[in-house]
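Input: structures, listed below.
Look for subunit A in each of the two complexes below; its partner is subunit B in the first and subunit C in the second.
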Partner chain A sequence: MSVYVASFTSPSSWEVIHDDARDGGHGGTIDPATVVHTTSIDGSPNANFLSITCPVCGATSTHPVGGGAQPSQVQQMFARKLLPPNPEACPCGNLAAGKPTLLTIAHLKTHADQLDGTGRWVVNTGDLGL
Partner chain B sequence: MSPWQVAIQSADRLVVGVGTNPDYTFPAGTDFGADYEILTVEDDAEVGVLNAPTSPAWMSVDPPYRVLAEAPTA
Partner chain C sequence: MPFARVNPGDLIQAQNLDQLVDSLNGVSGKGIPVAETSVNDATNYALSVQNLEATNSRALNVLKSDGSLLIRADVNGVSLGAPLNPTAGSLQGTALQNGTVTNAKLASDTARLNLLTDGGFEVWSRGNGPFTANAAYTADRWAISLASSSMSVTRDTANAAVGSIACASCVYTHVTQGWLVQTPEVSGIAGRQVTLSMRVKTTTANAVRVYLNSGLLNTPAYSAYHSGGGTYETLSVSFTYPANETTVYVGVIFAASCTAYIDNAMLVVGSQAADYAPLHPADDLARCLRYYELLVAGSTSSLGVGQAANATQGIAYFSYLVSKAVTPTVTFAPSTTMAVTNAATTPISMTNVSAVTPNVRSTQVLCTVAGGLVAGNAILFQAASGQTASIGIEANP
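Now for the complex of A and B:
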């Protein structure tokens, strides 16, 4: 389907799979800091999309906050970007870094609803091991 | 979907998030601290939360969303 996070191995290393690569598929590990929000046409970071780069071939995939074909895995990726140990503020400007986990999830659920409609968000604190 | 809940910033009434339970409420006892309030929405239109999730507008415009009128606090 794309380049995606298969396992949130540790706070400093995520296991990535690129399953539609020309060689049939490959994977590797990435620094979570290399997963970044995309840039809107006005140059500002877009809270609704994250981009992952394959550590093997450099291909990139962009994932929506609603999760696309893998809601749980992709939504966890959005949540972990904003949560400790390296919390970031939401690029929308309405959630500062370091806010409570449940508030962060509530905030991302708002983005997912706005993008994909109600009932789309599936991740909760238990899924994050928090 | 009623009632449901939103978390708002106390200072400017900005809607920061929606209830994390599947029914859009928050777990009992949720407290985000002095800077935030949890607002229970009894009726979307009556409470007037701008661009409520049940409204098509929620999906057609970008945040931020603000509370236009007050309802009982959870």
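Now for the complex of A and C:
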């Protein structure tokens, strides 16, 4: 599948699985801060994509805000990057850090709709435990 | 009772004539079978019946002993009782009115379009398994779904159904229900009745059945259970999806610990199940590639071409074999397995690799090296010497 967050264990540690690794799959933990928006050649970040690196083998997955290989887990990852306890502003410039949860989800849903069409976003506040 | 023959010179008694009259009037017990078997006339029909009454033209009415219809001929045509037993091959296609054979009349061996991806379990893009994790994809679009049970799914060629190369071998240990499920894209299914059929083999009775469910309604429909007879049985179930359906669930549901072999699934529009009709291998693979593809490149094999932006970075272009259902996740093997070439076509090991703005057809690849590139020069994005590089593209709608 990909390198993805299987469990958002704590604000400082996420459990990662790399399930189609050559050894049949492995996993580990990462610092959520290492999950970053991808950058273009000019260094500008792209709000629609997050990059995550396998802590075991170094493979890298670039996930779209629509969810790509893992819609629910990937969308949660996008949401948690912008929500407390370590809220970031959306790189698109249209959502400041620390905005309410519903507004943040609605904002990300807009990104997902633009990328993959309506109906793609599946995560709600309940999925985030909020 | 038989009619009494009257010989020449005999007197005709009233009862002789009355029996004829009663017979023609339908009085019970007065008639005898009429057998016009010895007519020898090349011009005229042995029996012709015509009712000159113009409105109904009621010519013939043949009934069973209980009064139900056998044959009726009148102004409405010829009506026949059931069952109808035409001689084999006697009905020509032209006898049928065009456009009147409905889906409900089709036998299962009438080949129809399969709405599933990898319905035959022939393509295993992620390898032969075993696959055990919850939500893990096994044979391409077929995924494991577990709550607390466990299941191991592997590609199996020894137990495949007749005419099939491989099937899914599922070793299931039951706690609560478990599933092997596919979620086809809803377009084409929403608003329609569809029927699923799958070939299943197990020696455990009441352990395996197939099902269809709606993410919107969550009212699953189930087939009967496999008997546990140890041979392949076809299990089937139908479901009508609402027009605004969001998620279609298709698959096998496990209700008891068992080993089951799953093969040849068909999902067709209509109320009638269809026997598995294989796709051409190219079409079978192309469907799978819509959701997952893995490019593996051996030492120095090319992955893409691009252009250096500065001394340490270049942008390469990588096109997928098949457009994806949605924007995919792109996964690169470690950057140490990849390289880009400099102006002298000498490979330079990469220190970082990432996808830039992937879309459903292609992605740009940001290639980072320690140095040695020249802005504006072409670069070749390739597997590093002695390494095997891989790029996985996966889109699961």
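Quick note on the criterion: the second predicted complex is superposed on the first by the 128 of 130 C-alpha atoms of A that agree within 3 Å, B and C clash if a C-alpha of one lies under 4 Å from a C-alpha of the other, contacts with A are read in each partner's own complex, and residues count from 1 in each chain.
In the analysis below, a contact is a pair of C-beta atoms (placed from the backbone, for glycine too) under 8 Å apart; a residue touches a chain by one contact, two chains touch by 3 or more.
Computed from a prediction, not measured in an experiment: that's the story for all the values here.
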item: Which superposed partner A:G68 touches (first subunit B, second subunit C, both, neither); value: second
item: Touching partner for A:N86 - first (subunit B), second (subunit C), both, neither; value: neither
item: Touched partner set for A:D19, first subunit B, second subunit C, both or neither; value: second
item: Touching partner for A:T118 - first (subunit B), second (subunit C), both, neither; value: first
item: Contacts of A:V3 with subunit B and subunit C, given as first, second, both or neither; value: second
item: First (subunit B), second (subunit C), both or neither touched by A:A59; value: second
item: Residues of subunit A at both interfaces, subunit B in one complex, subunit C in the other; value: 115-117, 119
item: Subunit C-facing residues of subunit A, complex; value: 1-4, 17, 19-20, 22, 24-25, 38-41, 46, 48-49, 51, 57-64, 66-71, 74, 115-117, 119-120
item: Contacting residues of subunit A [partner subunit B, same complex]; value: 92, 94-95, 99-100, 102-111, 113-119, 121, 124
item: Residue ranges of subunit C in contact with subunit A within the complex; value: 126-127, 133, 135-137, 246, 294, 309, 313, 315, 326-336, 353-358, 363, 366, 390, 392, 394-397
item: Touching residues on subunit B, where the partner in the complex is subunit A; value: 1, 7, 14-20, 22, 24, 26-27, 30, 32-33, 36, 53-54, 58-59, 61-65
